[in-house]
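What follows is a set of structures to go through.
In the two assemblies presented below, chain A is common to both, partnered first by chain B and then by chain C.
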Partner chain A sequence: MQDLGISVLFKGINMQRLLLGLWAALRISLISVLISIPLGILTGIVMTLRNPVTKVLTRVYLEIVRIMPQMVLLFIVFFGVTRVFGINLPAELSSIIVFSFWGTAEMGDLVRGALISIPKHQYESAAALAMSKAQIYLYIIIPQTLRRLVPLSINLITRMIKTTSLVMMIGVVEVLKVAQQIIEANRKTSPNAAFGIFAVVFLLYFTACWPISLLSRYLEKKWS
Partner chain B sequence: MERAEELLKLEHVKKAYDGQEVLKDFSLTVHRGEVIVIVGASGCGKSTLLRCINGLEPIQGGRISLQGQVIDGRAKNIADIRQKIGMVFQSYDLFPHKTIMQNTTLAPIKVQKRIRADAEKEAEELLQRVGILDKKDNYPRQLSGGQKQRAAIVRALMMHPEIMLFDEVTAALDPEMVREVLDTMLELARSGMTMLIVTHEMSFAKAVADRVVFLDDGVTVEEGTPEEFFERPKTERAKRFLHTFEFDSVKK
Partner chain C sequence: MDWNVIQEYLPLYKEAAVLTLRIGWIGILFAVILGFICAMIQHYRVPILRQITKVYIELFRNTPLLVQLFFIYFGLPKVGLPVSADVCGAAGLALLGGSYMAETFRSGLEAVETVQMESALSLGMKWFQAMRYVVLPQAISISVPAFTANVIFLLKETSVFSAISLMDLMFTAKDLIGLYYKTTESLFLLVVFYLIILLPVSIAASLIERRLRYAGFGN
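So, the complex of A and B:
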């Protein structure tokens, strides 16, 4: 049987390096998620306002994020900002800025969708039961919004984790970059390492995203 | 005979949406224990009227008061007044994320600060009375339309209202479920509840009403006992309206 290059994994601290790479990827996505959720909730609430100015602004923001490939955004922030403003942003910080910029827009749109999907009658029947504004939001509107929001935002989180594979293009050493380095370094001794190492990378992404998907499916079932 | 206490009073109420007048000059006095049915064509302002009484819609003129307290949706005392007004909507509007028990006890516990055990005991009694006690731990989506509407009635009754408003509560129901809801309302009327009912069920109106108010184009066109209104309508408009519920035989 051909050597699949799995053995490369156990040379030196290669496995440890891969795990550190994974951690770098998760760190970027998790910090971005933590920033995106509160900002996204605010953006979503702003999106539901009837003010024409905020409507246009949020619309333009959302469209920019949707149209621009994440890679272009990364290049603009990492290379563009350095040139134009002379600020030297570290690659990881640039990644977090871009991912938060993206996550906030998408999260905002999800929140907007969830909020407007609550029928007006829910507010009214709660008001008719003499509940105060705060009680209506606390007991009726927010729980229903969250139920609609959680599965959708979990999907966004897994997409963000997967998209971190792009940040190696601006020099962040994350799991995919480490994998490439390992493969390059062992090209002579085990030319098939690409298969084994990338298979491991696949498994690493899988173990990171699978539990999150499971949680989403569980919540969807519980709340459907 | 001494008339019962004046509970709800509407005086020259005006209501307009975007400049279009829905209620022009509407006055009505509801006494304690009275059951008043409001009939009229679609879009004549019946539902709007009930929504104004509950302060869900602001009015542009006139005065609505419950036991002398003026009703204004933006006033501080609106929560106190709304506790005295139970409202049941056409589309039930139960809270989908809560069980029937939670739906019926949420406001008593959170708004009226009643003890959970007491509220639950009362809810069980009322659910038993309307025949859906076995559904108390189910979610609204697991109930039929008629069951949901009965749960909504219980939810409103739990607040111990002085008056109940019913806004076309059977309009969204399948015909075989209309009956069970109307029976619940009839029983409620018999128990002495003051009720203001908007409905298209004419035979039910005849059976339950002490007084029928015929609303057309934002004004009261005719008002009287069900016998007077249904058997001997005085105005041409009422005759025409009642005629829409009858069919001329095609067989000659």
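So, the complex of A and C:
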């Protein structure tokens, strides 16, 4: 009861191991964010097209991502692809694939929302000034869209970081797994370490996400 | 795809889906209550309680459910608070959901201008009447889209319950894949059952949203 795992934390390199574990999770989310932002912008533009085929396709894509829990997608890629195609995907790669797939849809929806929030006369006035389609987007629409988009996409990053905690379930060694290992290794000497170690993991995630949420909220207030 | 296998697995998945739904709806119910209380405290700036709810909301909005569950399930028993897996799942979902719902309701309440409350009071309504007939209906209709998004999000989050050895859909799928190697069938059923649970909710959500879009004041 007296020892709640704080001493275990400072034993050997346990703290460094936890931080490295956190980095493993953050790395997956950062790579996925970097992939899904450009792809999401493209998807968002495609979503605003009036082509019925792309409309249905993007709609179905978005609904799949909306409805299926990320964990199910992880399982499908990690276990299913291996089984069906006989390719052996490493857990980390499959989680990057899943989170990029998910992030692209979410980002695409944000981009679409930001694009359609621009009044129609902006497009029409630009067209009346004889701007080409590319010019309209580059000089008129994108600068206005960005202001609405940036806070929301920063928010998406925190969601991405929180969701990457799931990768532990397909065997990526990240902060929760490391925490379990540390607790198991010290079971004899400090049986109550689970409380302290998991509390630390909790706070680690909080310190990773909170500043980003604050930034997003600040930008939203400043630019609205 | 082997249909015999699917028929054999079906009852297992049904049981798991019932568990997911049972814990899911209890968790969401408490999340709504908790979120509503926190939102009222935040909106009416109740001293001390306001700071406490603020810390709670920030803490739980910025951490993943999986980490919260691990802390509740494995950490709390070590300080003399043993929690069963069922309670832990519902409590984790309620705490996570409460923080999201609180933000949703708070922004809904904030969107109703103070002049609404003042006008209602000047017409001789009691505070509770003004709240019941003027402020809340508007606040609720404003928060509905975010609210339904939260419900879907929370139902999806139930998929991490398998980490604390609740026999939910994920757990069943993983278990069956490990035991019999019928990966395709197990995953197929997993997808089908999540669709059965979430598709109606998603459709209902978009219907409700469409109906309530006209309820806002002045537009």
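Observations, loosely collected:
In this section, the second predicted complex is superposed on the first by the 206 of 224 C-alpha atoms of A that agree within 3 Å, B and C clash if a C-alpha of one lies under 4 Å from a C-alpha of the other, contacts with A are read in each partner's own complex, and residues count from 1 in each chain.
We take it that contacts are C-beta pairs under 8 Å (C-beta built on N, C-alpha and C of every residue); 3 or more make two chains touch, one makes a residue touch a chain.
Computed from a prediction, not measured in an experiment: that's the story for all the values here.
Measured by the number of chain A residues touched, the leading partner among chain B and chain C is C.
Looking at the shared chain after the overlay, A:E184 reaches neither chain B nor chain C. Of the two partner chains placed by the overlay, only chain B lies in contact with A:A130; chain C stays clear of it. Look at A:W210: by the touch rule set out above, it reaches chain C but stays clear of chain B. Contacts of A:P143 after superposition on the shared chain: chain B is touched, whereas chain C is not. With both structures placed on the common chain, the touch criterion links A:M68 to chain C but leaves chain B unconnected. Touch criterion met: A:Q122 reaches chain B, while chain C stays clear of it.
Across the two superposed structures, the residue set of chain A contacted by chain B and also by chain C is empty.
Against chain A, the residues of chain C that register as touching in their complex are 58-59, 61-64, 66-68, 70-71, 74-80, 152, 156-160, 162-163, 170, 173-174, 177, 183-184, 187, 190-191, 194-195, 198-199, 202. Within the complex formed with chain B, the chain A residues making contact are 119, 121-122, 124-132, 135, 139-140, 143-144, 147, 223. Those residues of chain B whose C-beta lies close enough to touch chain A in the complex are 54, 56, 79-80, 82-83, 85-87, 89, 91, 93-97, 106-107, 110-111, 152, 155-156, 159. If you check the complex, the residues on chain A that touch chain C are 1, 4, 63, 66-72, 75-76, 79-80, 82-84, 158, 162-163, 165-166, 168-169, 176, 179, 183, 191-199, 201-202, 205-206, 209-210, 213.
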